[in-house]
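Order of writing sets the chain letters: A, B and C. Residues in each chain are counted from 1.
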Amino acid sequence: MDSVVVEHIYLLVIVTIISVLQNAFFAQKVEREGKASNTHPTAFERVSCANRNCMDAYPTFLAVMWCAGLCLNQAPAAFAGILYLMVRQKYFIGYMGQTCQSTPGFLFGKRVIFFLILMCVVGIFNYLLARFYGDNYKEYVETITSAASALLLIP
Amino acid sequence: MDSVVVEHIYLLVIVTIISVLQNAFFAQKVEREGKASNTHPTAFERVSCANRNCMDAYPTFLAVMWCAGLCLNQAPAAFAGILYLMVRQKYFIGYMGQTCQSTPGFLFGKRVIFFLILMCVVGIFNYLLARFYGDNYKEYVETITSAASALLLIP
Amino acid sequence: MDSVVVEHIYLLVIVTIISVLQNAFFAQKVEREGKASNTHPTAFERVSCANRNCMDAYPTFLAVMWCAGLCLNQAPAAFAGILYLMVRQKYFIGYMGQTCQSTPGFLFGKRVIFFLILMCVVGIFNYLLARFYGDNYKEYVETITSAASALLLIP
């Protein structure tokens, strides 16, 4: 595809690649524990459970991040994506000590997902407003979104 | 991305957001049952199983819907997506009374998925025909598809 | 969407549809074994496990293939996708005789996924180089990639 398209999505692609590498890291962890599962069966179960929870939420995260990036602006969407990956990493590492609850992975990163959904909604409303009223508030909205994404850093 | 692109995908984005919200609803159900799993272990197992079946089929559904929307026309694809989400909701609610069979979630919404695959195939054939023969039947095909999507409503 | 977009993605769409049909085939296998699970409980468990491993890796595969196809060129990405689907088919069929290890599906197709990630990285570097230095090596890089994708055939 010509570089006009790549210009609008390259940050999203970078975040996607990082998330894929993280998936591979998780899978390797599970594989290693699986080989040692004769000695530590509970450790394998925990890692496998954490991995499943992460994988369950993965398509949802990808879909929301790409929608937000395509509808409004890729920079805040990619930033939120990076934050989500960091939260996921922390969740996966921290899961080792807990018992498997089989609760889906939506427990972590709720705020990031919510922010991305909000970005989608704002982008679509912005498009519809521009279509029916002729005015385009897009640049204004994009500036606010970029500023608001910094608020995600507050713990 | 400029509004030319958003114009062609905004319905798909809306359906994607609704599906994400539905995923969050399912996850919340599982979480709530997980907390009460000491009293009702079978109820938790059923909800968790229904959630897993839905999540298994989710990336397939998203991929087919977006392909169909990009290749042919977004309106019937989004309409079929909405129908799929309704069927999924019905499946999830109705699953409570059954035993977990661990059968994948492709049992429901087969017809909708098949319709979306057909849309993709028609779209690609249409593109190839237009490329090699020079004629573009696209508008004609789009009208037929929009009319055919109403047939999905027949139970 | 107009045919300019379809021109750049139709091979990716075809591979996606084939993967969806393969998913449906896997699901049908699981369903059939599930109905006969009273007589062969271990066979059902194995097929279900193989299916889950394949489904776990599916969104990752889709994301990487589409990113690679959008960033660089669709032909080698679709070719790698077809190879991945063949490896997956072989994995699923061959899994019947093994015990369920619950190891994620990243065990198979590692090389294909790695090649697709490399394509993404090369595509983004190419874009950034073209942006900051003004030269566009894209055609050159695409030729090399198409040639390199043949190396995947080496067992």
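Just so we're on the same page, a contact is a pair of C-beta atoms (placed from the backbone, for glycine too) under 8 Å apart; a residue touches a chain by one contact, two chains touch by 3 or more.
Computed from a predicted structure; not experimentally measured.
Would you kindly give the rotation angle relating subunit B to subunit C, two copies of one sequence, based on a CA superposition and rounded to a multiple of 5 degrees?
The best-fit rotation has an angle of 120 degrees.
Copies subunit A, subunit C: same or different interface, half of numbers shared as the threshold?
Both copies, subunit A as well as subunit C, present different residues to each other, with under half of the numbers appearing on both sides.
With chain centres taken as the means of their Cα atoms, state the distance from subunit A to subunit C in Å.
21
Pull out every residue in subunit A that's touching 2 or more other chains.
In subunit A, the residues touching two or more other chains are 59.
Which residues of subunit A touch subunit C in their complex?
Residue list for subunit A touching subunit C: 1, 3, 5-7, 9-10, 13-14, 16-17, 19-21, 23-24, 26-28, 30-31, 34, 48, 51-52, 55, 58-59, 62.
Quick one: in the complex, what on subunit A touches subunit B?
Touching subunit B from subunit A are residues 8, 56, 59-60, 63-64, 67, 70-71, 74, 101-104, 106-107, 113, 117, 120-121, 123-124, 127-128, 130-131, 136, 138.
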